[in-house]
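So, here's a batch of structures to check.
Shared between the two complexes below is chain A, which pairs with chain B and chain C, respectively.
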Partner chain A sequence: MLSIRFHGRGGQGAKTASRIVGTAAFLEGFTAQDSPIYGAERRGAPVAAFTRIAKKPIRERGLIARPDLVVVADASLIGDPSARVLDGVDERTVLFVNSPLTPDQLRARTSVSGRLTVLDLTDLALKQFGKRGAISALLGAVAGRLAGLRPESIREAIVRELTDLGLTAPVIERNQALAMQCFEAVQPVTLEPGPRAPVPSAQLRTPTYDPPTRGTAGITAGPNSAIRSVSGWRTFRPVLRPDLCNGCWLCFASCPEGAITIKPDGKPAVYYPHCKGCLDCVEVCPTDAMTVEREPEGANK
Partner chain B sequence: MTWEPHIFKDLHQIPREEHVFPGTPLCAGCGGLESLRLASKVLGSNVVYVNAAGCFTNLAAFPFTPLDASWLYTTMGSAPAGAQGVRDALDVLIAKGRLPKEEDVKVVVLGGDGSTYDMALSSTSGAITRKLDFYYFCYDNEAYGNTGVQLSPATPYGARTATSPCAVRHPAGTMQEKKDIFEIWRAHKPPYIATVSPRYPLDLEEKFARAAQYSGPKLFLAFAACPTGWLFDPAYTPDVAKLAVECGIWPLKEAINGEVVHTYLPKRQPVEHYLKLQGRFRHLFEPTVQTDAIAHIQERVNTYWRDVT
Partner chain C sequence: MNQASQMMTGNLAAAWGARLADVDYVPAFPITPQTEIVETLSKWCAGGELNARFVTLDSEHSMMTAAGAASATGARVFTATSSQGLLHAFEVLYTVAGWRVPFVLVNVSRALASPITLEPDHNDVLAARDSGFLQIHAETCQEVVDSILMAYRIAEDPRVCLPVMVNLDGFVLSFTREPVVLPEPAMVHEFLPPFRPAHLGFKASAPHALGTAVVGGSIYTYFRHQIHLASMNGLAVYDEAAAAFERICGRRYAAIDGYRLDDAEDVLVMTNASASKGKAAVDAAREEGRRVGLLRLRLIRPWPAEAIRDALQGRRAVAVLDQNLAPGQGGILFQEIAACLYHEALRPRALCSFIGGLGGKNLSEGEFRAIFEQTAEAGVRGKGIGPVLLYTEAEHREMQQMQYLAHELKTGR
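Up next, the complex of A and B:
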C-alpha cells in the first residue's frame, strides 16, 4: 500500500489534490482512499489530506502516520509545528515541496532532510494564469508522477474532480495543460512502500489540577492573541510605497486584522507578524501605494 | 430626507486605538472581523461579549483572546438569554451597591446569521420584548460558514452552498429568498436597528455611536463578505462589500423607534456586477447564462427600492 500525505494552507487545493490522485489511481484499477482532515474550514490555516493506494482492499483508516510520500504545497508549513509536516518522515520517505529554492537551499534553511524534490508550482501558476489561486491540479499531477501513475488517468481525474467543483471547461483545460507540464518536469522516483517502524506512542502525563477554590487558569488575561504570529498564512504580502501614499487611512480602516497602524506622521505601516496576507489594503488603496510582493521563503516567520 | 453623519465625517476620526487585537485564527479577509474591529472602536473595552457559537467561536481559542473585554461563550440558540443573565447580574450588583455605577459594562451579543436568523430567533425575540438593554451584532455571511458553508435562512436566492448546490431540478442553487430579519426585528419595536457594511466605515462608526444614547435593544446587521464561503479571493472582500451596497442588495439603513431611514442611497448598478465577483453565483453565468434567475434577483432589488423615498 502506498500512503501519500498532502499538506497545504486552506484554499491552496491540498484536499482536491488528494482526490485527484485517489481518482487517478482508481481509474487505473487500484483501490484508493482519500480523505481530508476535518477542522474548521478556514483560509490560510494549515490543512492536511491523505490518499492511500493499494492493489488489495484497504483496511487501514484515519490519518497517515508513516507516509511514503509527503506533498507540501507551501514551504512555510515546514517550520509550523501545528502543521506537523515532518511527522513520521524517515529516510525512505519522499518529500515534495512547492518552493522556488533548490533542494540544497531548502535543506540548509529548514530541518528537512532525506529524499527531497522541489518545483516552484506557485510561480508556474502565476505565469500561466496571471493570478494567485488554487494549485490542486498541479499538486495532484506531481504526486501522481511520484506515485507512478499514468498521465492519461491524471488528466481524466483532473477533469472529474474540477468539474465536481463547478469549474468550467476552459479553466479545467488550462489546469490540465499546466498539470501535465509539471508532471513532465518532475523526475520519477522509486517509492519504498512497505511496513515501517511503528510510531512510538506518546508519553502520557497526568496533569495536576488545583482545586477551583485555589485558582483556575488565567482566563482574565488581556488581549494576548497578538503575541501569536500569523506570518505563515501569507503567500503574498502588501508592501507600502510611502511616496505614493496620500494618508487617507482607508487601508487602516479596512484591515480586518488590525495589522495596519498609523505612524506619528499620519501614514500607515503594516506590521507583518499580524498580517495574514488577505491584501484587502491593496484593493482599497486609491493611489496604488500598496503593492503586492510574493512572500520570501522562510523570512519573517 | 437625506441622512447626515453628526460625529464621523472623515476617516481620520476613526479611533486609532484597537479593541479587537490581531492574531485570531479567523480566515484571512474576513468581512465579519472587519466590521467587529470597527464597531469595537466605538464600543470600547468596557464590554461583555456574549458569543453564540459560529465562526466567531474562533475569536478566543483558549488560552488566547483578541479582546480587551470580557467574553462569554454560549450555544447558537441562547446568546441573548446569556446576555439577559449578564445584564441582570450587573443590575443586581449595582442595585446592591456591590458594583459602582461607573464600572457598569455594555453587553454585546455576537451572532452569525445561523444564530440570528435561525436558531436564536426566539431567544432574541424574547430579549427585545423584555426590553433588555443590550447590543446585538450579527455578522451576516449568508450561510452556516464555520461548519462548511451550508444553507441558512440568510442565504439569498441563486447562491450555491454545500446543501443547496445547483442541480438539474434547481439550476439556480438556493431556491428560497433571504429572510428579512430587519423587518422581523422592527416589528418588535426596539429603539435602534441598523444595517452596516465595513466598506462604509464612517456610516458604521456613526451608527454605533448614535445607538449608544438609546437604552434597550440595539440591533446591528453587519455585512460579512466571506471569501471562504462565497468563493472569491480574500483581496476582493472590500469590492464585494462595496458592490453589495452599490447594487442595492445590501441597503444601509437605520430604524429609530421603528422609523426607517436609508443612510445611503446607491445609484444601483446592475446586480450582475455584484454576482459576477463570487464563485457561489458562478453557475448563473457559466456554462450558460441563467437570464431568468439574474432577472429575478434584479427584480427583487427593484421592488425593494421602489418603496424607498
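Up next, the complex of A and C:
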C-alpha cells in the first residue's frame, strides 16, 4: 500500500488534490481511499488530506501516521507545530514542497531532511493564469507523478474532480494543461512502501483528577487572541492602493478577523499580524484598490 | 476491480441509499458532518432524480416529528442527523418509536459537547440505544448504502414496524471516499418492494390518534413491551433480510462480523469504521504469532446476544474497545458484552474494557499493540482489567502544555 499525505492551507486545494490522486489510482484499477481532515472551515488554516493506494482492500482509515510521500502545498506549514507536517517522516519518505526555494535553501531554513523534491507551483499558476487560485490540479499531478501514476489517468481525474466542484470546461482545460507541465517537470522517484519497522506498544498514562478550574475545558489566561499572530497562514497578502480607495469601508465590514481598521482620514489599514490572507477584502473592493501580493517564502511576515 | 464501482464518500453512499429506496419524504436540518447527505438529496429532489418532497425544518426536534408523522401517513421517509442534532431530537425518538413508524434515520457519529468537537465517537448513537429504534452500525461506505436498503426492509416488516437508525462514523467514513458498488434499481425493487403498509395511512378524511395517553401502568406496560417484542423480532427479520440481500445483491452482512476468529484465543470487540483498523491490527499481531481475532458488532439493537455468545465462548480473553465513555461507569458496550456472557459456562477467563478513539482521537498501531498485550496477560492471569483509557504519555505532555497556555500563561499586557 502507498500512503500519501497532503498538507495545505484552507483554500489551496489539498483535499481536491488528494481526490485527484485517489481517482487516478482508481481509474488505473487500484483500490483507493481518500479523506480530508479539518476543523471548522477557515481559509488559511492548516488542512491535511490522505490518499491510500493498494492492490488489495484497504483496512487503514483516517490519518496516515507513516507516509511514503508527503506533499506540502505551503512551505510555511513545515514550521507550524499544529500542522505536524514531519510526523512519521523517515529516511524512506519522499517530501514534495511547493516553494520558490531550492532544496538546499529549504533544508537550511527548516527541519526538513532526507528525500526532497521542490517546485514552485504557485509561481507557475500565477504566470499561467495571471491570478492566484487553488493549485489542486497541480498538486495532484505532482503527487500522481511521484506515486507512479499514468498521465492519462491524472488528466481524466482532474476533469472529474474539477467538474465535481462546478468549474467550467475552459478553466478545467487550463488547469489540466498546467498540471501536465508540472507532471513532466517533476523527476520521478522510487517510493519505498512496504512494511515499516513495528511500532512499539503505546506508553499509556491515565490522567489523574484535576480541580475543575483546570479539568474543565475553558480558558482563564485572559484574552490572548490579540497576541496570536496568524501571519503565517497567508500565502498572499492584501495591499491597499490608497489612490484608488473610495473609502466605502466594505473591506472593513467584510474582514472576518477584524484585521482592518479605519484611519482618521477614513481610509482602511490592514493590521497584518491578524490577517490570515483570505482576501475577502480584495473580493469585495469595488475599485480594485485592494491588490494582491504573493508572500515571499521564508520572509518574516 | 468491479467495473461498476465508483469512488464515493460515506455521506454520498447514504444519500444513494435513500435514492435507491425511492423515498417519498425527506425532512432535513443541517449539521456537520452529516450536511452533505441532505445537501445531496436536496439537489436530487430539485433536479428530479429523486421523486420525493424535501422539506427543511426549524430544528431536529421538528425534523424528527415530521419524519414520524409523514411515516404515519404511509410515506417512505428518510432523514439524517448527527451528534447534538440527535440529542436535540431525543424526546421525539422515543415518541415515534411508540408510534411504530418504520422510517430510516442515518446518524453520522460525532462526539458530544462539552467540550464541543466535530470528530467522531459513539456517545451520540449509543445514547439512543434505549429509544426503540433498531440500530445498524456500518464499517465501510459500501455497507452504508446496503444497510439503508436493509433497514427499510426490516423496519417495514409487520413483525417489526419500528424506525431504524443506520450509523456511520463522521470523517473516517462520512468524508472518506472508497470504491462502492451501487445495487441496480431492479435488484433494489426485488429486495425492497414498494411500501404498502396495512396499518398506517393516516389522512385528513380518516383521522385517528397515535401515541394516546394511558394511565395506570398496566396499559402502558403492555404497549412498551410490544415495542420490546417488535425489536426482538428484528433479530429473525434481520437474518432474513441479510439472506435475501445476499441472494439478490451478492453481499452478506451478518448481525455480527467475525474476523479471523476460528482459532483465536483472544478476541477484540469493536464497532463501526475503526473496526477496519482493528482488522489490520489483528493481521499485524498474527504475523507476530498472536492468535487474535476481531468481532465487529453490526446490529446493536436488537442485541444479538446468542450470536455474540457463540462467537466469544471458550476464548481465553475478550477485550471490548468502546469508542464512548459513560461517566461514572466506563464503556457502554463492555457492560452489554459482560452481561450476555455471564451465564455462559465456557465464558472467557478475562474480560477487558478499553476506552479509546474519543472525539476522533486516532487509534494508533501502538494502542492496538497495547490492547493485545494487556488482554493476553489478563487471559493468562484469569482476571479482567479496565476500563483502560487509551491515552499516551506524549498526549499527556501536550495536554499539559496546552493547559499552561490556557491557564497559567499571562499575556503580560
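To be clear about the criterion, the second predicted complex is superposed on the first by the 224 of 301 C-alpha atoms of A that agree within 3 Å, B and C clash if a C-alpha of one lies under 4 Å from a C-alpha of the other, contacts with A are read in each partner's own complex, and residues count from 1 in each chain.
Criterion: a contact is a pair of C-beta atoms (placed from the backbone, for glycine too) under 8 Å apart; a residue touches a chain by one contact, two chains touch by 3 or more.
All values reported here derive from a predicted model rather than from experimental measurement.
Contact with neither chain B nor chain C is seen for A:Val70 once the two complexes are overlaid on the shared chain.
Judged by the touch definition given at the top, the superposed model places A:Ser35 against chain C, while chain B stays out of reach.
Once chain A of one complex is fitted onto chain A of the other, the partner contacts of A:Gly166 are limited to chain B, with no touch recorded for chain C. Applying the stated contact rule after C-alpha superposition, one finds that A:Leu279 touches chain B and leaves chain C untouched.
When the two complexes are overlaid on their common chain A, residue A:Val199 makes contact with chain C while staying clear of chain B.
When both complexes are overlaid on chain A, the residue A:Gly133 reaches chain B alone and has no touch with chain C.
When the shared chain is aligned, chain B comes close enough to touch A:Arg228, but chain C does not. Contacts of A:Pro256 after superposition on the shared chain: chain B is touched, whereas chain C is not. In the superposition on chain A, A:Cys248 contacts chain B only, with no contact to chain C.
In the superposition on chain A, the residues of chain A contacting both chain B and chain C are 40, 217-219, 221-224, 226-227. The touching residues of chain A, when paired with chain B in their complex, are 10-11, 40-45, 131-133, 166, 168-169, 217-219, 221-230, 233, 248-250, 252-259, 261-262, 266, 271, 274, 276-280, 282-284.
Of all the residues in chain A, the ones that touch chain C in their complex are 19, 22-23, 26, 29-37, 39-40, 58-63, 65, 198-207, 213-214, 217-224, 226-227. Across the complex, chain A is touched by residues 1, 7, 114-115, 118, 171-173, 175-179, 273-274, 276-277, 279-280, 283-284, 288, 362, 364-367, 369-370, 373, 388-394, 396, 399, 403, 405-411, 413 of chain C.
Every residue of chain B that touches chain A in the complex is listed here, in rising order: 11-12, 14, 16, 18-31, 33-34, 37-38, 55, 57-58, 60, 62-68, 146-149, 160, 166, 198-199, 201, 227-228, 233-239, 279, 282-283, 286-287.
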